[in-house]
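Both complexes shown next keep subunit A, but they swap its partner, so subunit B is in the first and subunit C is in the second.
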Partner chain A sequence: MSNEFDIDDILQEFDQRSKFAPKKSQKSARSTSSSQTIYNELTTAMLNERMAPELLPYKHELLRNVLDQISNQQQYLLDSHEYGDMNAQTGIVSGDFKLQLMIIETDIERINYLVRLYLRARLSKISKFTIHYIKTTVDESTESLSESKSLLSPEETEYMTKHFKILTDLYNNSFLKKMPDHLRLLDNESSGENMVVAPDVNEPVFIKCITKDLITVPLGDGDELELEENGIYVVKYRLIQKYVSIGDVVLI
Partner chain B sequence: MYGDLANKLILDAKRTANLSEIPLYQADLVKDIVKEVQDLKNDADYLMEQQELNGEDDDAEQSKINQCQLFVTMLSMTRNKRCLLAYENLRANKIDEFCWLNLDPITDSTLDNLSHAEQEYYKNYQDLLMDYKSKYADIDLSGTLEPPTNIFIDVRVLRNGGEVQTEYGSFNLIKDSQFYVRKSDVERLIQQGYLEEL
Partner chain C sequence: MRRERVPLWVAVILKSQNKCSIVPPKWMSLAYLTEKHEEEIRKPGMFSDLPWNWLEVSKMLLSKASDDLSDPSHQLRSIIQDLREIRLVKSRKGLRELNESNIQLNGLSLMEINELRPFVLTVMNKLRKLHDTKSGRNAEAEEMDVEDEDD
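Now for the complex of A and B:
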């Protein structure tokens, strides 16, 4: 944790200093203000995704931005290294220059880590509840939602369908094809036993309320729970599901 | 007793869940269970015929017994299927885990423990992962899930290996030597057990 603060401090210092260097000031000032919010959004998205029992809608725009920024930064880093190597002997480049690059690199690593956690958390949920999400996304595609609202990214949809296919092949080749006809289907509800694993929305989750408005959650039996700003609570996920999606509540 | 074999399979699955390696595929057990299901199916067919034959009789007691038998037979079949699916599902998950670990090439002993269908699945899943990862070229998706702290780390070499090229030059993997290197360069080597972070 202390490490994180250090880097932020140094970054801030650089930001201030870069104001005196007219060439860079415009670029870096703009990128830090927007990248700060992106960074926070990404952290929230990642935490929500990690803690929620079900799959949350994919953050299409956010991820697109983040991936763009990462490749920009990496390109910048590459160019700067080249620039640094070329001018190392002439003394134009100061010792701080290397440090600056190191900080950018550390930052990329950190964002990389957040994206990695985010995508991996989603993948693990997709793998766990494959059949369930295949069913729900079929419904979704018939309603023909716009791309920005869909639950999965195109890459994830592809992953899910292909994974489902090779899994089915595996089951079929292992034993299902040798079974009597009525037991051959994978998701057979007629036999009375539902074998499709679905996420448990009743799972308790830790939440933090971040809106100023008071939220009242009905607990059933006439009881209610009031969520105050910055309060931390443990509730069943089902009850606060909709507040997570509008962003009044974050999972921790 | 019907169901005993499936029980054995589930016990094996339970043991598998706690192992870091994938144990041998229980081919015989699976085959026996499938056979048991077929036997049960024959029983069920027979019972069904009986029921139809006795349909005209008024013997309510007998038809109740018959129905009950049929019901239990059906249940046993479904249960066997469920156990088989659970077993295979667990193994598939284990295989997925292995693919994420980047242990390339996967050790032969692990591959030997898989059934033919599973080996096929393993290959397919690896291709699938490659496809998915290639869409996020800038992100090392199979990297460590621990938060990064430093870009450069001290590592010690655990096993002898060849020369490693990095952006900052190259070094030789000689047992017990130490290096100060960039973490992202050597992460894979740490996962494969060549290096140890200090």
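Now for the complex of A and C:
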């Protein structure tokens, strides 16, 4: 590691390393461009998740990738700080070296922020619709989908079951135990009214169409809406649900 | 001096350390923005074409790198303000078209959309509820029925 960086070196180093490329770059070729796509993918995933009324399938591969890269970068940062501390007295560590570390640090912070937003958006939906998702994921696990396709990550499943347990314990202990038997259920559907709160897929959402192909959305009553490339619309989520999952439409 | 393409946030860090000067984007000039402003006046029915993040980027450049811009920053600020206001008026007028089913918002930038979002969503949700109670008593009909009709 050279001690005297000038600005070009910083930029170059930045190009090669900072974004996401693994520290001991397995393939240095997949530096800027691929890290840029990961970044964009994460942003899109985060926005879609935040704006969609229902829980979208967990992006297993993307998140694994991103988290790996973050821990790589953090390890690198740790090593470099150690190196910097060791050489601080001798004065061979220049300010530019610190600046470079600062940029990497900022980058990690930025990605962390996106990941946090993504996960929080998911957790808030899981808390809101706990019973609904417990029901749907039970079906899913009996169908034994491979893990990479499941709706929730293992951590989220754990969160959901715990949340459900705490919630039902609280309800039971505080008032349900004093109620007559037939009023104790949390998901009673016999009375015709559905007690389980499910996401409202008819909610309007803001979308941007990013495919070149013209998408035609039926509005009912024979009316249709044509979505052009780069067009921005507000429509009911249900109508564009499938285009979001294939990526032709992004939520904004 | 060498030109490099870096993300804006990196440029701002480097700029704050006096390690670079930022080359402003083409649209960040008085001439271009004035032209857009005139276009907005000429065509009252539509929005002129501006970058997706023009408000955010221009604010950042004006506050962090005003010395790198090609025109005096107070003039840029005032033309951006004018442009913003005329577009705001147009988008408010456009709200007349709100209905419970869908609207199109072409030409608006991200920040402008976000300003409209809370209002549009509440109104559309309310209209939707009114519409649903009107058009179908039972829940099945509500599921299937999506009419495009102004309330």
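Going forward, the second predicted complex is superposed on the first by the 214 of 252 C-alpha atoms of A that agree within 3 Å, B and C clash if a C-alpha of one lies under 4 Å from a C-alpha of the other, contacts with A are read in each partner's own complex, and residues count from 1 in each chain.
Keep this in mind: a residue touches a chain if its C-beta (ideal position, glycine included) is under 8 Å from a C-beta of that chain, and two chains touch if they have at least 3 such contacts.
Remember, it's a predicted structure, so these values are computed and weren't measured experimentally.
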item	value
Joint occupancy of subunit A by subunit B and subunit C, clash or fit	fit
Partner chain in contact with A:Ile131 - subunit B first, subunit C second, else both or neither	neither
Touching partner for A:Leu219 - first (subunit B), second (subunit C), both, neither	second
Contacts of A:Arg110 with subunit B and subunit C, given as first, second, both or neither	both
Of subunit C and subunit B, partner touching more subunit A residues	B
Partner chain(s) touched by A:Val235 [first = subunit B, second = subunit C, both, neither]	second
Subunit B versus subunit C as contact partner of A:Phe206, first or second or both or neither	second
Following superposition on chain A: angle at subunit A, subunit B versus subunit C, Cα, nearest 10°	100
Touching partner for A:Leu77 - first (subunit B), second (subunit C), both, neither	neither
First, second, both or neither for A:Leu62, with subunit B first and subunit C second	neither
Touching partner for A:Ile38 - first (subunit B), second (subunit C), both, neither	neither
Touched partner set for A:Tyr171, first subunit B, second subunit C, both or neither	first
Superposition-derived minimum Cα distance between subunit C and subunit B (Å)	9
Residues of subunit A at both interfaces, subunit B in one complex, subunit C in the other	102, 106, 110
In the complex, subunit A residues that touch subunit C	7-8, 10-11, 14, 99, 102-103, 106, 110, 202-204, 206, 219-221, 223, 225, 230-236, 239, 252
Subunit C - residues contacting subunit A, complex	2, 4, 6, 9-10, 13-14, 17, 19-20, 101-106, 108, 110, 113, 117, 120-121, 124-125, 128, 144-148
Contact footprint of subunit A on subunit B as seen in their complex	30, 33-34, 37-38, 41, 74, 77-78, 81-82, 84-85, 88, 92-93, 96, 115-118, 120-121, 124-125, 128, 131-132, 135-136, 138-141, 143, 145, 147-151, 183-184
Of all residues in subunit A, those that touch subunit B in their complex	3, 67, 70-71, 74, 102, 105-106, 109-110, 112-113, 115-117, 119-120, 123, 127, 155, 158-159, 162-163, 166-167, 169-171, 173-176, 178-180, 183, 186, 191-193, 195
